[in-house]
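Note that chain A is present in both complexes that follow, paired respectively with chain B and with chain C.
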Partner chain A sequence: MRNLLNVLVIVLSAALGLVLIGVILESPSPARVRLPEEVLMQIGASGVTHPVTAVLLNFRGYDTLLEVMVLLLALLGVLAQMGKQKRENPPAGFYLTEPRMQVLLWLARVLVPLMVLVAGYLLWAGGHQPGGAFQAGAVLAAAGVLLNLSGLLPSWMEPAWNLRAGLVSGLLVFLLIAAAVMMTASPGLLLQYPPASAGMLILLVETGLTLSLGLILAGLFLFLSGDAIDDEADK
Partner chain B sequence: MSGALIYACAGAVLFVFGVTGLILLPHLLRKILAFNIMGSGVFLVLVGLGQRDGTPDPVPQAMVLTGIVVAVAATALALALVRRLLSLTGKIQFPEEPEGSGRCWKNK
Partner chain C sequence: MSSLILDLLLVIALLWSALRSLMTRDLFRAVVLFIVFGLLMALVWARLHAPDIALAEAAIGAGLTGALLLDTVGYLRKKQQESFP
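What follows is the complex of A and B.
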């Protein structure tokens, strides 16, 4: 019975795949709405010269705003699953005395400052070429994970006030700028930057987002990894 | 058939692999992996269809960029939930539903 069901699932999935491929091959090119041309036409008013950044932070800025909220929500979910018991952090570098760890330590110490530099560059590059807050935040988060895995940074247990402030700072800056723009430049319209100052505002939003996304993404790893040490300590 | 359409078709194949895995694999980590493969398939379809005219469309690209970050966060949340399930039941699987009861497992 179970085998029969499995076969049925596989057959139906294969049929779904064939239908999807058929639709992809048959679907006509959209003739009426040409989004790339629209974006390129309006890009002068967006404050940046790279189309993807213009879409992300200007034309569909509310998308990005909601995305940051989703990320925070996911982090809150992770925090809610961590359990109540609070333990002392394991001492940083608790297994670093072994000689074979020295290479990893050295590499982490060399790489992390470079990664912070790369994140800053990506943030700046987002205005005119591929890059931006998400990529920069991901690099920052990777630096945090590297520090944690090499034992230089203890896992996070309970966020203190400064960590909490960092986690929400990106969203707060974003909301603040959205509210300010809505009240002064374009009443009643969400995230309609005035073209003259759009570039500056986008850079401000992106700087806040980079910091906050880096912390959130790193937190998704560091809070969970802290829990693991907790579990092992229980056994 | 242009190169962009090959990407989109590969995305459809990945999506179907993901769906099948999500339904058939009982281990929850594998389900999460299958879910991620499904998501990657969707992203590939979006990006592939967005550049079938030869010029990349920035709108689907921005949406995919958003989607990737959300997928990472959703995966982390799923892992946290799986961990909670492991510490509650000792298994990384959905509990079998007992006959005649609407609940998956009894509260302690």
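What follows is the complex of A and C.
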């Protein structure tokens, strides 16, 4: 019975895959709307010179706003799950006395400041070349994970008010700028930046998003890793 | 010519790591292969002239997801040791 079910799933997935490939091959080439050219034609009004950033934060800013909300919701889901189990806060740096850990400690202490620098660079570079808030936030989060794994940063338990504020600050900045722009520059239109100040507004939004996304992505690891740390302590 | 060989090697390595990650029975090995897959995928995005996606794939797809999955494997192993000492 189980095998039959497996075969059925495999056959159906293969059929779906073939149909999708067929549809892609059959669909007429999109001759009328050429998005790359459209974007390049309008890029002067976007406030940035990198087309990907122009699309993500100006032309399709609404999508990015919702994406950040989805990430925040994912973290809220993790926090809601955590609330059920009570754990005490594990002390940081309890297994750092071992000689072999010195390499990891040293590496973390050298790498983390560099990672913060790289995150800042990626944030700034987003305006004119590949980079941006999501990548910068991910690098910040990776720095947090490295600190946690090397025992320099304890896992997070109940988030205090300052952590909560950091988690939502990016979304709040985004929403505030969206509301301010909607009320002053372009009434009734969401996220239609005036071209003169678009570059500065995008940089503001991206700075807030970098901080928040770094905390959110790091939180996904740091709120969950409490058990792993306990595990290390047992050895 | 050399770029074609590089692309072919990338495609083969990508498919191989994906298949092995799905087929292997050891969870830890599957996660490591998944991280390898993510890094190869980042290279493929770079070859497809999509450096933005390559950056995101390397940082989020391979790095953070890999760390989370490794954490989960450690948690599962601990649970297993508790139930079958």
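By definition in this document, the second predicted complex is superposed on the first by the 221 of 235 C-alpha atoms of A that agree within 3 Å, B and C clash if a C-alpha of one lies under 4 Å from a C-alpha of the other, contacts with A are read in each partner's own complex, and residues count from 1 in each chain.
What we mean here is this: a residue touches a chain if its C-beta (ideal position, glycine included) is under 8 Å from a C-beta of that chain, and two chains touch if they have at least 3 such contacts.
What you see is a predicted model; the values in this text were computed from it and never measured.
**Student:** Using the overlay on chain A, decide if chain B and chain C clash or can fit next to each other.
**Tutor:** After superposition on chain A, chain B vs chain C: fit, no clash.
**Student:** Which partner does A:V55 reach: the first (chain B), the second (chain C), both, or neither?
**Tutor:** Touch partner of A:V55: chain B, not chain C.
**Student:** In the superposed arrangement, does A:V145 touch chain B (first), chain C (second), both or neither?
**Tutor:** The second partner, chain C, only.
**Student:** Looking at the overlay, what does A:L123 touch: chain B (first), chain C (second), both, or neither?
**Tutor:** Neither partner.
**Student:** In the overlaid three-chain picture, which partner chain does A:L211 touch, first (chain B) or second (chain C), both, or neither?
**Tutor:** Touch status of A:L211: no partner.
**Student:** With both complexes superposed on chain A, which partner does A:I10 reach: first (chain B), second (chain C), both or neither?
**Tutor:** first
**Student:** On the A-aligned overlay, A:G131 touches which partner chain: chain B = first, chain C = second, or both, or neither?
**Tutor:** Touch partner of A:G131: chain C, not chain B.
**Student:** A:L20 contacts which: chain B (first), chain C (second), both, neither?
**Tutor:** After superposition on chain A, A:L20 lies in contact with chain B alone.
**Student:** Looking at A:S225, would you say it contacts chain B, chain C, both, or neither? Reply first, second, both or neither.
**Tutor:** Touch partner of A:S225: chain C, not chain B.
**Student:** Applying the touch criterion given at the start, work out whether A:L191 contacts chain B, chain C, both or neither, answering first, second, both or neither.
**Tutor:** Neither: A:L191 stays clear of chain B and chain C.
**Student:** Using the touch criterion from the header, give the chain among chain B and chain C with more contacted residues in chain A.
**Tutor:** B
**Student:** Minimum C-alpha distance between chain B and chain C after superposition, to be given in whole Å.
**Tutor:** 6
**Student:** List the residues of chain A that touch chain B in one complex and chain C in the other.
**Tutor:** 52, 132, 134, 138, 217, 220-221, 224, 227, 231
**Student:** List the residues on chain B that touch chain A in their complex, please.
**Tutor:** Residues 1, 5, 8-9, 12-13, 15-16, 19-20, 23-24, 45, 48-49, 52-53, 55-59, 61-63, 65-66, 68-70, 72-74, 76-77, 79-81, 83-84, 87.
**Student:** Which stretch or stretches of chain A touch chain B in the complex?
**Tutor:** Within the complex, chain A contacts chain B at residues 6, 9-10, 13-14, 16-17, 20-21, 24-25, 27, 29, 35-36, 39, 51-52, 54-56, 60, 63-64, 67, 70-71, 74-75, 77-78, 81-83, 132, 134, 138, 213, 216-217, 220-221, 224, 227, 231.
**Student:** Can you list the chain A residues touching chain C in their complex?
**Tutor:** Of all residues in chain A, those touching chain C are 52, 122, 130-132, 134-135, 138-139, 141-142, 145, 149, 217, 220-221, 224-225, 227-228, 231.
**Student:** For a test of understanding, state which residues of chain C touch chain A in their complex under the given definition.
**Tutor:** Interface residues on chain C, with respect to chain A: 51-52, 54-56, 59-60, 63-64, 67-68, 71, 74-75, 78.
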